[in-house]
């Protein structure tokens, strides 16, 4: 502890995702109110809630995509990778094109390591429209997470994945957290792994 | 001064103000419009060239003025909404749009009716006529945005955006159309320093008509804004009731 | 940004319709109006600038519902908005792509089609340069319409109604410059004003359109 570099400490301290007394509105109605949490490096937050409880709204608000809220939000956006419940893939392009596009957009050297991790690297030449839902999800996840950002905010990433894919993703998330990353994940299903933190949105109606 | 002004931007105070002032506003605008029009139509001499058709001026000129001023008012309200996010401001713009649309329509129709005996045609692509047609199109666009965008906050944002862009492009069109040709319209009819442009017999009733139209506009916009506020509150109440039931 | 432009252009080329449909629309208008008028060659030459300009307006505005709604439907826009790329840059790329795949192509085609309308080649070239100067503004206006049109299923009506009054001054300046040139009047001011409007539109509209898109994303 005594040897810990001063600057390192402050960097680690800076990197946190926090929300204080957050109330979100949608169509002039309150979705949820007074949600607070604070995540430190190495922690995962699993947001659970029934349909319409505001999981997507919460993530969108975290990403600054919605301004209809009250309360305080702290998310270092330039350190954050985000994937909504839609994949954002262009069906007329191949897997490789789609994957490389997102990396080029963020000025990151092209790498296919996550495609290999999800065992879909043999599909790089296939147009996305020929893929199954689960395969599409894997391509989107690979593109979003390959960026090497420290914070991941993922909306329903387990949707459409087969059992093996879910396990792979869960291990990926665990591994990211061990490397002092922060992960925020929503799901309406029971988690396939034991998250360090969880938040049941239904209680904040 | 400013704090007192913004006090009336509070929906509650605004509602009180409107309720207290509408009876006076209604009666004054009725008084002025009726006096101006009756005087203008019945007690002014016929023009030696235009005959009695000249009397359409008492409807045409005030409605033209109000059509433009109403758009300016909407532009101002939209900017206030974009800067200060003030609900009444954008609701006032929404309330004013149909009023302005009607004034524009009245101006176009009365112009056509006047043009037929004078210029021999209901419609000509004269610069002023054309720019009024363009203004009319802008009003329709603005109105349709409120009709077709369901979410009120989004509609407020988009309508103020369209009002802003529309104002710039309406000015551009005015400028472009002006360079087409001289056009059929006469030059300035009314100005403070050149009263000689229009005969004294028409001047006073015309001024009364204009004041009447301004009062009518203010009354209509205030009443309609209050209606919009109440409609908003009803919607919110219904939403919260539905949520409680669910 | 180049990645984004290249990718959209490739998509337009690949689906084909993105490039060929504006051209076909333009050709249809240029062919149908003279046929409707009949073989009055002098009349054709008189109204040729107007025909060509209206053809351009229609072709640029042909695909407004395809600009932003596909990106909104498949979540692309969400990811762009959440990425480090400013939304304004994305919108700017969209304007440029729309301009390249309609305005720029038609600029190249105009002098030849002008001959077809009995328009002398110099006047045709003048018409073409006025279209070159004015079509970026049309593309920007079109993207504004497309962006606001994404709000609901009435989008098509909404975007047409938005685009119509805004395109009027461009049309007036455009045709006026050609007519002034063929009448031997000074025409340069018109072209310069048109270019000014275009440059200003390209600079300012991305901010307005991304304001609209952010509102859409909040829904």
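Read from first to last, the chains carry the letters A, B and C; within each, the first residue is number 1.
Rule of thumb we're sticking to: a residue touches a chain if its C-beta (ideal position, glycine included) is under 8 Å from a C-beta of that chain, and two chains touch if they have at least 3 such contacts.
Just so it is clear, the model here is predicted, and its values are computed rather than measured.
Enquirer: Could you see whether A-C or A-B has the larger number of C-beta contact pairs?
Expert: A-C
Enquirer: Select the chain whose centre, defined as the mean of its C-alpha atoms, is least distant from the mean of all protein C-alpha atoms.
Expert: C
Enquirer: Measuring centre to centre with C-alpha atoms, which chain is farthest from chain B?
Expert: Greatest centre separation from chain B goes to chain A.
Enquirer: Based only on mean CA positions, could you tell me how far chain B sits from chain C in angstrom?
Expert: Computed from C-alpha means, the inter-chain centre distance equals 32 Å.
Enquirer: Distance from the CA centroid of chain A to that of chain C, rounded to the nearest Å?
Expert: The answer is 38 Å.
Enquirer: From the mean C-alpha coordinate of chain A to that of chain B, what's the distance rounded to whole Å?
Expert: So the centroids are 51 Å from each other.
Enquirer: What are the residue numbers in chain B that touch two or more other chains?
Expert: 151, 153
Enquirer: Where in chain C do residues touch two or more other chains at once?
Expert: 218 - these are the residues of chain C that touch more than one other chain.
Enquirer: Among all residues of chain A, which ones touch two or more of the remaining chains?
Expert: Touching at least two other chains: 68.
Enquirer: If we count contacts the way the header does, which residues on chain C are in touch with chain A in the complex?
Expert: Interface residues on chain C, with respect to chain A: 3-4, 7, 11, 14-15, 73-85, 214, 217-218.
Enquirer: Quick check: in the complex, which residue numbers of chain B touch chain C?
Expert: So the residues of chain B in touch with chain C come to 134, 137-138, 140-141, 144-145, 148-151, 153-154, 157-158, 161-162, 164-166, 169-170, 172-173, 175-177, 179-180.
Enquirer: Report the residues of chain C in contact with chain B in the complex, numbered from low to high.
Expert: Listed in rising order, the residues of chain C that touch chain B are 144, 148, 151-152, 154, 157-158, 161-162, 164-166, 168-169, 172-173, 176, 197, 208, 211-212, 215-216, 218-219.
Enquirer: Across the complex, what residues on chain B touch chain A?
Expert: Chain B residues touching chain A: 151-153, 235-236, 239-240, 243.
Enquirer: Give every residue of chain A touching chain B within the complex, in rising order.
Expert: 27-29, 68
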